[in-house]
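Both complexes shown next keep chain A, but they swap its partner, so chain B is in the first and chain C is in the second.
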Partner chain A sequence: MAPPLLSVRDLSVRIRSGESIVHAVNDVSLDVEEGEIVGVVGESGCGKSTMVKAVLRLLAPEAEVPSGSAVLAGSGDLLALDHKRLRQVRGAHVGYVSQNPFGALNPIYRLDRQFHNLVAAHRKGTSRGESRRMAAKMLDAVGIAGPDRVLDGYAHQLSGGMAQRVVIAMSFLLDPRLVIADEPTTGLDVTVQRQILDMVAELARADGRAMLLVTHDLGVVAQYCRRVVVMYAGRVVESGPVADVFTSPRHPYTQALLGAVPRPGQPLERLPGAVPDLRVLSEGCAFAPRCRSAFDACSVRPEPTPGGDGRTVACHLEKEPADAAAR
Partner chain B sequence: MPPLVELAGVNKTFRRPGQAPIHALNDISLTMNEGETLALIGESGSGKSTLGRIILRLLEADSGTVRFEGTDLSALPDREMRYLRSRLQAVFQEPYESLDPRLSVGSIVAEPLRVHEPGLSQAELRERVLTCLEQVGLPPDAAGRKPGALSGGQQQRVGIARAIITRPQMIVLDEPTSSLDLSVRAHILELLAELQRELGLTYLFISHDIHTVEYVSSRIAVMYLGRIVETGTVREVFDDPRHPYTRALLSARLSTDPRESPPQLRLTGDIAAPTTSHHGCVLAGRCPLVTAECTAGPVRPRALTGDHEVACVRADETPDLLAPAVSR
Partner chain C sequence: MSTATPPETTARDDSAVPESSGMASRSPARLVKLVGSRLLFAVVALFAVVTLSFLLVSLTPGDPVQVIAGDLATEEQLDALRTELGLDQSLWARYVDYIGALLSGDLGTSYYTSTSVAGEIADRLPATLTLTVLSMALAVIIGIAVGAAAGYFRSRWQDRILNSGVGFFQSIPDFFLGLVLIYAGFFLLGWAPAPVGQLDIIQLPPPSVTGFITIDAIIAGQWSVAASSLGHLVLPVLTLALVYAASFARIARSSIGSALNSQQVQYARALGLRERTVLRYALVEARSSVLTYGGIVFVTLFGGVAIVETVFAWEGLGQWALDGILGMDIPVVQGFVLVAGAITLTVYTLVDIAVAWLDPRISHG
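And then the complex of A and B:
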């Protein structure tokens, strides 16, 4: 079997914040295979963006990565690459759609120039006309009518959803094998969202391209992702094929997450209890204080345990379901 | 009593030297009543945020009128305009864009108070800020942090805290919950509903999240390419959508059950650019029901039953002609 396109192992990130240290990402492992879209879901603040930025080496200076690797097939461990090589890989082999599209665009250059700079950095000697054609084609693919008016303009002239699409177009411009996208479609209406996801799905199906997709939209995960990674308090608590995880979630957090999907006419479900404080590295299961099924074993942290069916769950109930149910 | 906000025939075109003008809003008429939540949904780039900014007086309309409690705003003297600004607040789409990264969360939230209630003492200011942070579910120590040290969801809460601190009459919420997970989103929506009940707030709620819109709003306006194509109560629009664009939009909702994928009504054909002016219906180039009448002249909203208004010459036939039926 071919090795995964992206293989993240035991990745941790700590962020210095004043007097304290935020344990934003803890021992995260995940794989993305060729031709698949993998969803990453979890509470706001659970470390999704930090994890993604660590893989792409885009963390703020106050953050450090004490352990872990992120191997991109054919490019090596992204976390160990020197800067020159990193610049070659980023953009050309792995694309990135940041959560904040305006932050990713330069406010003072016209957009055609930004597209050109991106292409020229990786393909020396590309003419402006050539990069403009590439950009226009990509903008068209993400549903922007009249790409010229966008290319001849500036970022602040775009609507939120258009800026998001420009960044998506940039991330796909050089045909990278993997795109890591952090909530790329939150600002898009559902018809445009589907157009873009259909495009990504087609690239995955036909050309083996892959995407790691951070999203709060469980509908997107259900309909477009092959596998899903569920994070809580900086850790992966459950992962596996979407078809299985979404129909029979095993981790109590995953169950609560899926239970919060709004049903018309019913009050919105909320997870009771406080959002975990990532400044303390809990010895037990971080979800235990909010978990309906917590029992004494939960004072020791459960390890992510592969079940053989492609699913991994980090919960003591997995080992002693009968036992726990009896309590 | 006049409606709280009344727009009539509002147009807005962005002009850039040497380039085609962008027709962002065309002939927009809309009313909002005190205490209601009007949701604005629709195509990305259709002019929703622009409309919000015009109501907030952050942008000037090219033509048409914007009335607040019956007063034409363009005629207001500066001092009254400033007072009005404190009654109108906003939570924007991009928290990162709207929060100054150099200021602490406490100063960001206090800022509107400093402007609009300059008489407050430091202690009073602090008190109001802390109460406000608690209201939006942020820990008290958030006051001393910089926005960069908060996750996207937490930043959005800061934006909401800043908007409610002056106790405004109306808030334009431009995708306030789109970066929040479902559970946090539910908390925020509940908070917004609570504030609305207590203070009689009026919300213009701009969102792409149809589930959220269905939950929070009393009325809905659907936009496509600079126009309002359909308005009505939530039930009128969601249970019986009559504009083909509304039907396409609602049918594109994704099910969270991987086993089911309800049929989608897809609009084919090229999406028109906002640089072109339209003589007839803005959807004509992509509409499956298009007839000669659609491009013959302007298609204005017309009333169906109740509050339901649709800008489509074939609104009466839409449900029969357009599968899939999208009401639940």
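And then the complex of A and C:
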């Protein structure tokens, strides 16, 4: 089998925050195969954005990456690339759709110019006319009627949904093999959210493009993703094929998440209890305080264990279900 | 759980297209409207400044007549002086007189020297403007360079070094820095001319055309005078520039620094834009606040120039106004407030217009 397109191994991120250190991401490993859409789910504050930013090397100066690698097939470990190579990879080989589209666009320059800067950064000598043609075509593909008017305007003149479509067009423009989308519809009107998620997943699927999709919308994950990664407190607690994980979730956190499925597009914040404070690195399972099945063994952290069926679960119940049942 | 949704092709988003897309937001018509509205505001504000300064100076406790005549003056002498200066009239009558004279360009005469205030201003303003504008220009260059570098290297060692330099120059008073520079540049190293005035004492100023000594000297072809005037500018300009560059750098660091960490700059990086372009994205975002603070710094510099002018015996407007304030020379003080107010409003108006012109998000009117 070919090596995965993106292979993240043992990635950890610590963020200095005043006197304390936030352990935002801890030993995360995940793979994205060529042409595959992988969903990343978990409550807010579980380190999804930090993980994505670490892979793209977009972390703030307060953050450090003490361990881990993120190998992109053909490009090498993104975390070890020099600035020149990194710049060439970003945008051209890996597209990125950020959380807040308004923040992502430059407020001063016309969109036409921003598209041109993007193309010219990777394809030297591209004319303005050529980059504009490319942009117009892409804007049309993301469902924007009248691309020319948009290209001649500024970011603040767009609606939220339009702005996100523009950002998606930018991230797909140079035909990257992988697109990383971090909750691309947060903050948008609920009716627009699903449209945009459908559009972006459909667009990736049509071109056989791989995508790492961080989202709250489990419906979208079920419909478009082949595999799903469930994150809790900066760790991967369960991963595997969507069909299996969603029909028979093994980790109690995954079970709780699926049980709490809200209406599409709603954040997953209805679980009882709260995400733990990531400033303290817990010795045991981070989910134990909220877990109904917690038992003695949970005071020691469970390691993610591959089950042979393509699924990985980090829970003591996996090994000692009898023990737990006998509790 | 996967609910059927319409295919994406029907999900076209034309609910909100740019309302004025493609509209030239930098059209001449927009500029005229922009400048017109800001100028109107500036004129009204200047009138308010004039009125306020009149009231402030007139209602300040202390009797100018007493100060001018001295302690030994008799009651009759004081009354005579009061009548002569018009201070025996009502506040309202004096205000009407003042405004009337102002509109005809008459700013009154100094209580002490009996020279025309307007004439003094015309004589001294060029010297002060030369000093402040050159200092500001240098302060902007140093301040933006240092601030941008510090912001770029935020919380790394380069930033820490630059920041302590900035803190150093911010904490020394300008007159003290002036004295230190005089000591080093004139006494120790000897490359600066004697820190007295705008020219050497034996030099005669060139015939006045523009009022700016350097320019007039060049017009008259007096190259040695021009060179001398530039030499005399070095130390006072350096003094003011270093002090104000420090406060400017602090502002530039925080606004450029936060622009560099802004989402749009992060996204520009994520798209693999060239570092040059990324920096440009940050600078255009920081531009408005840097410009605004630049205006404030210039106005502060203009107000604070008096002490440095005194240290360097510059014979400028600030030094003259300081003497006027100490002697309760009301027409002089009012004349200075008027000039300072006019300059303040001019600078703010220009900044306002520039910011609105440069930022497509600000609509005119």
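In the analysis below, the second predicted complex is superposed on the first by the 294 of 327 C-alpha atoms of A that agree within 3 Å, B and C clash if a C-alpha of one lies under 4 Å from a C-alpha of the other, contacts with A are read in each partner's own complex, and residues count from 1 in each chain.
The criterion applied here is as follows: contacts are C-beta pairs under 8 Å (C-beta built on N, C-alpha and C of every residue); 3 or more make two chains touch, one makes a residue touch a chain.
The structure displayed is predicted, hence computed values, not measured ones.
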So in the superposed three-chain picture, is A:G153 touching just chain B, just chain C, both, or none of them (first/second/both/neither)?
both
Thinking of the overlay built on chain A, is A:E34 touched by chain B (first), by chain C (second), by both, or by neither?
neither
Contacts for A:S17 in the overlay, against chain B (first) and chain C (second): which applies, first, second, both or neither?
first
Partner chain(s) touched by A:A145 [first = chain B, second = chain C, both, neither]:
both
Based on the superposed arrangement, let me know which partner A:L271 touches: chain B (first), chain C (second), both, or neither?
first
Let me test your reading of the model: by the given contact rule, A:R165 touches which partner, first (chain B), second (chain C), both or neither?
both
State whether A:D217 touches chain B only (first), chain C only (second), both chains, or neither.
first
Thinking of the overlay built on chain A, is A:I108 touched by chain B (first), by chain C (second), by both, or by neither?
second
Name the contact category of A:V190: first (chain B only), second (chain C only), both, or neither.
first
For chain A, which residues belong to both interfaces, chain B and chain C?
60, 100, 103, 143, 145-146, 149, 152-153, 157-159, 161-162, 165, 192, 194, 218-219, 222-223, 246, 261, 264
Chain A residues within the chain C interface of the complex:
56, 58, 60-62, 83, 86-92, 96, 98, 100, 103-109, 117-118, 121-122, 143-146, 148-150, 152-154, 156-159, 161-162, 165, 167, 170-171, 192, 194-196, 198-199, 202-203, 218-219, 222-223, 246, 261, 264
Chain B partner contacts - residues on chain A that touch it in the complex:
15, 17-18, 22, 41-45, 49, 60, 99-100, 102-103, 143, 145-146, 149, 152-153, 157-162, 165, 183, 186-194, 216-223, 242-243, 246-247, 256-258, 260-262, 264, 268-271, 275
As the complex stands, chain C meets chain A at residues 1-3, 5, 7-9, 11-22, 25, 154-156, 261-264, 266-275, 277, 281, 284-285, 287, 358-361
Can you tell me which positions in chain B touch chain A when the two form their complex?
14, 16, 19-20, 22, 41-45, 49, 93-94, 96-97, 144-145, 148-154, 175, 178-187, 189-190, 208, 210-212, 214-215, 248-249, 252-259, 261, 264, 267, 270-276, 328
